[in-house]
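Handing you a structure now.
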Amino acid sequence: MDTYAWGETLRLVVELAATAAFALSGIMEAARKRLDAVGVCVVGFIAAFGGGTLRDLLLDHRPFFWVQHVDVLWGVLALCLLAMFFLRHRHFELTEKAIQWPDALGLGLFAATGVHQALQQDLPLVVCVLMGVITGVFGGVLRDVVCNQIPSAFHDHRPYAVCAFAGGWLYVGLWQAQAPGWLALIGCVGLTAGLRGLALWRNWTLPTWRT
Amino acid sequence: MDTYAWGETLRLVVELAATAAFALSGIMEAARKRLDAVGVCVVGFIAAFGGGTLRDLLLDHRPFFWVQHVDVLWGVLALCLLAMFFLRHRHFELTEKAIQWPDALGLGLFAATGVHQALQQDLPLVVCVLMGVITGVFGGVLRDVVCNQIPSAFHDHRPYAVCAFAGGWLYVGLWQAQAPGWLALIGCVGLTAGLRGLALWRNWTLPTWRT
Amino acid sequence: MDTYAWGETLRLVVELAATAAFALSGIMEAARKRLDAVGVCVVGFIAAFGGGTLRDLLLDHRPFFWVQHVDVLWGVLALCLLAMFFLRHRHFELTEKAIQWPDALGLGLFAATGVHQALQQDLPLVVCVLMGVITGVFGGVLRDVVCNQIPSAFHDHRPYAVCAFAGGWLYVGLWQAQAPGWLALIGCVGLTAGLRGLALWRNWTLPTWRT
């Protein structure tokens, strides 16, 4: 197996882990709101695929990621059903800890794919970065809207979207400097996940509205 | 009038009754939330046309159903205004009973049209079934999101989306077996509405999250 | 500078003022809900660009307004950050008064652009008017949905969407009568903003549901 194939495999592993982490965040939210089995599955799907689907709608890009990779769809469905059987409320705290890293890596990875796709349509750079942020963040936003609460990404005063924003600009910068694609990808994921990790570790908070 | 024309007429009658039932569910929800006349009309429209519109957005299909059939649009508007004049809170219980059957038939019919449209784009089968479910269910979901509550389809523990899911797979199966179109349609509507009726009659509930 | 250029400049001034007014309505709502800096910016963007983006999605029109005019995007971002620094809760009442007029003019202007764009696709007239109403109103609707409350446009019993509805029909009528474009535009903006102003001044209320 050469280096390129290794890179691709690594990317796939991160992508699957991140999708599972996003889906789990939806599943746990649905459980907290006491939704039924259908609700758990739908919210899991929305959390996992909502951001990418919204990006593809905005960029008029078809087919959607989950239409091209139907096995991921089945995988998320299996995850939802397994969670209904085995995940209990008392496991939530641990699960939330466990998904922090795949979630942060996924935020960076999804942001990078969003930026990349927009760059290929020759959109203005700021729009490309916004598409990256939307890809990474709006799965969680739609999850919270459907569960009838204010999106935690806008509310919990912890840097999340900003990390993807910074990572997105790095991707754009490296792309402009004609760096190889894998470098831009690693840079974006590294900066996003690194900032997110730092923010959680150092307890950084976003500025709030002064009354 | 030959058999085919009878079939078409029957289908049209079911479609109109179902659209009216969906709109009424939105109108009553809006009334419960004390929305004004504009809100009642908008929520009625969203409940009636939201699912099909979302499906068409996802499948990149234009024109929308309600753009092609503007008279349905006027009909729903008339229904909203009539309801403001004549429907009272004390009639709600009766109305809800009365719309259960057209609603169940509509769920099946809309699911079938969603599946059919996706099949014609050669999408993976599971995606076709999901499009059917979205067509039947997301009008109600958007109605509840706009009215600021958790969608009852995810919350009330009664089989609704699952019935459409089952009906959608039957449609796909009959299509794969090259059965005639009217048979697949009747099968899907029959199974969906039958399951829904059974679920209401026997008080079936969906599995819930065990704490 | 000839008359045409004057007209264009005037239109641009109204458009920018209206976009700022819409964004401010989102910013203040976000502040009331105690969102963080990211939330304030996102809700500001949604309020400013949500209606036009939804219209473009429905009409399958690309690129979006804010992709073509990236400076407006930067302007709204600057406005959000300035508001975080200088706008305080005690200024809200005054700001709300101050944005009533640009908001009403913007409602009319956005409705006119929505109607115009739909007319050019030869859609049925009632659909064109609805697209105008959606352009003017759904920025505020999405803003309220994300902030987890019932959209005030459906709830506060003050004519808002109806004004845009009336203005939209005037635009359609003048277009049908082959009046020059600037006349239809001024007519629509004038009627919409005039009705809105009258409604606020005379305290008109929409009919409510009689229990």
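Order of writing sets the labels: A, B and C. Residues in every chain begin at 1.
Assume a contact is a pair of C-beta atoms (placed from the backbone, for glycine too) under 8 Å apart; a residue touches a chain by one contact, two chains touch by 3 or more.
Computed from a predicted structure; not experimentally measured.
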Residue numbers at the subunit A-subunit B contact, same meaning over half shared and different meaning under half, come out as different
Fit subunit A to subunit C (C-alpha, same chain sequence): the rotation, rounded to steps of 5 degrees, is 120
Chain centres from averaged Cα atoms put subunit A and subunit B apart, in whole Å, by 31
Multi-partner residues in subunit A (2 or more other chains touched) are 57, 60, 145, 148
Touching subunit C in the complex, subunit B uses residues 30-31, 33-40, 42-43, 53, 57, 60, 62-64, 66-67, 70, 73-74, 84, 88-89, 145-148
So, in the complex, the side of subunit C touching subunit B is made of residues 57-58, 60, 123-124, 126-127, 130, 141, 145, 148-151, 153-157, 159-162, 205-211
